[in-house]
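Order of writing sets the chain letters: A, B, C, D and E. Residues in each chain are counted from 1.
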Amino acid sequence: MQSTARKRSTPTRPGDRIFRGTSVAAALTILATLAGVALFLTVEGIPGVLASPDEVKHGTTFIDYVVPLVFGTLLAAVLALAMAIPVAIGVALYISHYAPRRLAATLGYVIDLLAAVPSVVYGVWGISFLATALVPVYGWLERTLGFIPLFAGPASATGRTILTASIVLAVMVLPVITALCREIFLQTPRLHEEAALALGATRWEMAKLAIFPYARSGIISASMLGLGRALGETMAVAMVLSASGVITVNLISSTNPSTIAANIALTFNEATGLTVNALIASGLVLFLLTFLVNFAARAIVERRKDFSGAN
Amino acid sequence: MAKSIDVSDLNIYYGDFLAVEGVTIPVAARSVTAFIGPSGCGKSTFLRSLNRMHEVIRGARVDGKVLVDGQDLYADDMDPVNVRRMIGMVFQRPNPFPTMSIAENVLAGQKLNSKRMKKSEADDIVERSLRSAGLWNEVKDRLDRPGSGLSGGQQQRLCIARAIATQPEVLLMDEPCSALDPISTSVIEDLIHELKKDYTIVIVTHNMQQAARVSDTTAFFNLAGVGQPGRLIEHGPTEKMFSNPEDPATEAYIQGRFG
Amino acid sequence: MAKSIDVSDLNIYYGDFLAVEGVTIPVAARSVTAFIGPSGCGKSTFLRSLNRMHEVIRGARVDGKVLVDGQDLYADDMDPVNVRRMIGMVFQRPNPFPTMSIAENVLAGQKLNSKRMKKSEADDIVERSLRSAGLWNEVKDRLDRPGSGLSGGQQQRLCIARAIATQPEVLLMDEPCSALDPISTSVIEDLIHELKKDYTIVIVTHNMQQAARVSDTTAFFNLAGVGQPGRLIEHGPTEKMFSNPEDPATEAYIQGRFG
Amino acid sequence: AENEAGDGGESSSDLSGTLNGAGASSQQAAVSAWQQGFQTANSDVTVNYDPIGSGGGREQFLEGGTSFAGSDAYLDDDELTQAKERCNDSDVVSIPVYVSPIAVIYNLPGVEDLQLSPQTIGAIFEGTITTWNDPAIAEDNPDAELPDSPITPVHRSDDSGTTENFTEYLEATSEGSWTAGAVETWPIQGGEAANGTSGVVAAVESGEGTIGYADASQAGDLGKVAVKVGEEYVAPTEEAAARVLDTAEQVEGRAETDIALHIDRTTTESGVYPIVLASYQIACQTYEDSAEAELVKAWLTYVVSEDGQQAAAESAGSAPLSDDFREKVQAAIDTIS
Amino acid sequence: MQSPTSSPTPSPEIAQSLRGRSLPTWAPKAFGAAAVALALVGVFGPVGFWLVFVAWLVAAVIPLWSMIVEGRRKATDRFVTLLVTTAFVIALFPLGSILTTVVSRGAPVLGSEFFTYSMRNIVGEGGGIYHALMGTLLITAAAAAISVPIGLFTAIYLIEYGEGKRLARWIRFLVDVMTGIPSIVAGLFAYALFVIFFGPGVRMGIGGAVALSVLMIPVVVRSCEEMLKLVPNELREASYALGVPKWRTIVKVVLPTALAGIVTGVTLAVARVIGETAPLLIIAGLTDSVNFNLFDGRMATLPVFTYFSIITPGVPPGPSIERAWGAALVLLIIVMLLNLAARLVSYFFSPKGER
């Protein structure tokens, strides 16, 4: 159409051009960085993928090597998010709409602190406090729910299982999800909250009518950030998890699948030659994994874009 | 069904700021009461205190009594949720839920009460409410589109449809027609006449003609001065208020001005 | 200073939806033009296309010509920012900036463009604009308080003050008085009379009396039907439009209804 | 910082500059002690050591990224070729600097002074002996009251020199009860895995009925197994570990400055503790930059000096090199230029 | 028209419908207080942790009771209130446990020597974290200086310029993917990048900052984007209508309105990376000495320091492990101060009025 063609050539002022240029440049920098990371992973990783079993330390084909790791990564991340997301949303909602206002600010602040704890400390806490505390719980699970494969046991004597690692991960991603959700919940327009209340909605119904629909894409984004951290966390998992490269859904035994990130940290130090390439290739696999998960999440958000909260 | 309201000695605060002072007024069941008065005199504030929407604002509070059929709304054991369900409200600025479609917006209140509704029943409510609000023809082909893509007046009528869909017993309307053209206005006014048979209606308006047309009782609010709280100056049957008000300020406001 | 506007054959779209079709209308300099018509007929949409605010909405576009003193607003080399500086606007829904105090809101036009001003000069502009908008007395003691703590009508007048503080040459007002009480309305109407001496003013209103009182020219928009685009039915001197309109639809709309 | 501020003036040597190394984490504690001693004597020198692991350390050294490497293993043939290139065609100087006993640690309340034969240790870590009151264990400990509780073996989850030395010992001495060979990566499933020496120690501490292997100096209050050597049981002491060097043979066919040790795990000599880890520092014979060569030479000289070895023994619990051995090593260091 | 007078006598049936049948007002408070008391005894008292569960059951009586008396809706509301509060309490457990661990073990170490000494020439007791503290501050500041502009501008691009554009869709997606880069891979990437320019064995503080930026940028972009999205279009329109160019509108209207959220997001991003160990070890290395130069040589950082103080503590391990806890506590304090600053910023600059 004529008018659209015209609009494109509309002159912009220098300020706008610069600002827009800067924004695009920033976006492209990200693109370049990511391309750099992808290139690095691919170039360094491919030889590792192609390496024959006797050229690498783990002595198997790459596929055999990486499948249990993918399994472990997904298992740990899924467990962590399954625990963290509901709690995080609850906490965010508590802070934004339930807690007395004065208290709420402080509470938010305190939860944010969790984000600051270095992974090493999470690791040490996981080993020395959490795992120990969970030993009797795992024993109980094995005795009472042992017929479910998840709790088949034998229960770990030290409690350093994938479930413990997932709990640590959940605690680590909790503040990330909470902080973002909280800000978004707080931004729900008064107008819409009042509309809901005036219809005789209880506080929870108001949340369902006005807050959640409005915050939907934000909650998903927050969860994605959390997922990213859960998938990529290195040190804490490496320290807490009693890992060996198995595939099992048994959550409470001492033989657990390892995760990609933790495995890199654990093996990288003593790795040489093609083994290093194989490790980097496993990083590439994690990268692709994130790609897929996000793809799915995006698809969900896009579906109801017309109904977005802005406006 | 309709309820009468008795307000006595109500003071309304925003934090430390006393916005409305010492209002005492009865509102009869099955009648239309209009609040008029200059901007900022506290009409909206007072209206919102009638279904406990006022306390939603941070630091806002109320003291005094609001009796609905003898029950004090502000009693300790009174649940604001029940109050609001019984006393519906239409706001000054249209506020459809942006994430819901037009039909969902209309049903928003309804869905709260009866979880399961037959499709036909729901369709029925949507149609009836939108027709009453005079919006049906304009939106019947796009009931599943978001409510935010409507014009200002359409949004306001959507909010009215949403409020009446739940069939409250009292309906509070804060300048419901200010964004509406005369045709839609008359649809709403007809609706008010209709609803009056069963419901108690309180309406804030800046339009004297409208107050004269729709209301049985009129109440005039005014400000003594800047920074002073708004007060109820006088109230009475609309005819009397418009023909022969007691307070000179009322007369000045009504007479000296057009609508 | 004042500019005349010549619109020819303007079609306005929201994506693929043609909202307003084939409008041709001249707007004389130093005059007040009122747009009237039923809700959803495209008055706001058309008004927004006069200062290129329409294109801000995603997917929205325009084709046709809008000449301001002979210059096509939609010409290739026309900068929408300059257009909007020259042609101010007041919106249907009050939208003060929540991050700014009342005074800052008034000065927003200058402040946001980083104009340097002496303190006294700034104070002067704030007072003058607020006085013109009839808000000065109510807010002079709390100029540094946030603009969002005002009543609906106060917010709207604040937005009017903000629009006139930049002294645009054309002023577009979308139902500026719909949230206002009669007193404030008359202040604004006086302001319009005042501004008319130097500026060109276009106003959308649902209030026939207001259109009759303030405008020199009236334009009537209507919808052929649901889903159809809005069209300009007729326009002419206000007196003639109200006494003896050419189109029967105009007559029906004006006569058949109250205001 | 306060402790750095006063350094400048009183330098007692004319050495200055920064010396960078990287490699085995096992040496880290000892390196700290050496850094202190060396930097105090040469206050214008800064020595940095990244404990990134032996593999990484060797790789970075071979790439020319660091001046020296710390490694739990000597260079293999491939690496030696690369090293030739890295060192301007000179040989490498590769010397054991840190010898430390690996203790088999356990946590079994009520049982002190556990003694085990290599065969039994192998079977425990292999997973074939699963309870503490197994006859094999009872045989080694006639006086102990062994409970009927399960054994939880704890191993390293990361690849490590400790694991390699431990499994090498098992392979050599277990007479087949350990089947998985000598490896850096823990080869079998089952049992607990923990990251790093401290992780293993923590895991053994936190569970009951646990048994693991770790650098003896880090074992803390945990019980340390006396292992059967010949007919007696030897506890992991520094002296017992130091004596293993006397029984070690130098690997043949390497440059004279490349002192690679083959530790005799099967020794039956009295008072020798055969589960030790020998960690090397690897440098070049010639450097392009003579100042760098100077520094490396001075550093290694200090490291193997009596003072240096003593310092490491104190703060890292290592076994000091014997005087004879130090002389041999010093000869290699002296070739650096 | 004459208005009928209102009836002054309360009708019981009206009272019913208004009030519903409701729980006595004291009930939720009483059960809540009982639950809290029980839970506290469970956590701090000698009885045992299972009391916490009992406490929860006590609290859960209210929604059940409500179900019988008040009906489904009220019961659901009360139940959700219980759930939300439970979620919060659950979050407090690890928090409390970690904080008490870190504080109780870290606090005794804090002293003037701890903050003013490096670890140069120190074995065993004594020494401090001056070098690591400076390294962490410098590297994190550099990382923030790289990531915040890039992240913020990207978010601006996504919201203000990229609407509907293919590039924007891709960027948005790729940013999500970027959140999944494991920290150690970020370190390896930065190392590989710097090796290209400086040759093998390179160690530089700035390299650490680059690695951290790879981790930080997506967090900044995501949170800023969400916050910008929440700024109502009305405000943008109001600004455009005043003849304000788009970029000024963004700078002076959109960003200030979203400031509180942006600041939270940035703080979160900083907190997210300030505790990273793996990438810093690879590219920033470890040293015992102070280094203020981001562009030359190894730089110690608190997390790396903490990690190695724990992993390779020396003999006896005590002093080193104590220093590790001290360093962890300092890291926490840094983030706490940062958080405080962020809150002050958003308190003073965010939308005034409501809330």
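Simple rule for what comes next: a residue touches a chain if its C-beta (ideal position, glycine included) is under 8 Å from a C-beta of that chain, and two chains touch if they have at least 3 such contacts.
All values reported here derive from a predicted model rather than from experimental measurement.
**Q** Following contacts chain by chain, what is the lowest number of steps it takes to reach chain D starting at chain C?
**A** Between chain C and chain D, the shortest chain-hopping route counts 2.
**Q** Tell me which chain's centre, taken as the mean of its C-alpha atoms, is farthest from chain B.
**A** Result for the farthest chain: D.
**Q** By number of C-beta pairs in contact, which chain pair leads?
**A** A-E
**Q** Would you mind reporting the rotation angle for the C-alpha fit of chain B onto chain C, rounded to the nearest 5 degrees?
**A** Copies differ by a rotation of 180 degrees.
**Q** Please identify the chain lying most centrally, where each chain is represented by the average of its Cα atoms.
**A** Nearest to the common C-alpha centre lies chain E.
**Q** Measuring between mean CA coordinates, which chain is farthest from chain C?
**A** Between chain C and the rest, the longest centre separation is with D.
**Q** Any idea how many Å lie between the Cα centroids of chain A and chain C?
**A** A distance of 49 Å separates the two centres.
**Q** Suppose each chain is reduced to the average of its Cα coordinates; what separation in Å results between chain B and chain E?
**A** 43
**Q** Please compute the C-alpha centroid of chain A, do the same for chain D, then give the distance between them in whole Å.
**A** 38
**Q** Centroid of chain B to centroid of chain C, CA atoms only: how many Å?
**A** Chain B and chain C have C-alpha centres separated by 28 Å.
**Q** Could you tell me which residues belong to chain E and also touch two or more other chains?
**A** Answer for chain E, listing residues that touch two or more other chains: 73-74, 77, 232-234, 245-246, 248, 310, 354-355.
**Q** Counting only residues that touch at least two other chains, what does the list for chain C look like?
**A** 80-81, 93, 149
**Q** Which chain D residues sit where two or more other chains touch them?
**A** 25, 52, 196, 199
**Q** Over in the complex, which chain E residues touch chain B? Could you list them?
**A** Residue list for chain E touching chain B: 1-11, 14-15, 17-20, 22, 24-25, 72-74, 77, 354-355.
**Q** In the complex, go through chain E and note every residue touching chain C.
**A** 163-164, 232-246, 248-249, 252-253, 256-257, 259, 349-354
**Q** Taking the complex as given, what residues does chain A use to touch chain E?
**A** Residues 13, 15-16, 18-20, 22-27, 29-31, 33-34, 36-37, 40-41, 44, 86-91, 93-95, 98-99, 105, 107, 109-122, 124-125, 128-130, 171, 174-176, 178-180, 183-184, 186-187, 189-190, 202-205, 207, 217-218, 221-222, 224-225, 227-229, 231-235, 260-261, 264-265, 268, 280, 283, 286-287, 289-291, 293-295, 297-298, 308-311.
**Q** For the complex, give me every residue of chain A touching chain B.
**A** Residue positions touching the partner: 101, 189, 191-202, 205, 209-210, 213-214, 216, 304, 306-311.
**Q** Note which residues of chain C are touching chain E in the complex, please.
**A** 51, 53, 56, 58-59, 80-86, 88-89, 91, 93, 95-99, 101, 108-109, 111-114, 145-149, 159, 162-163, 166, 168
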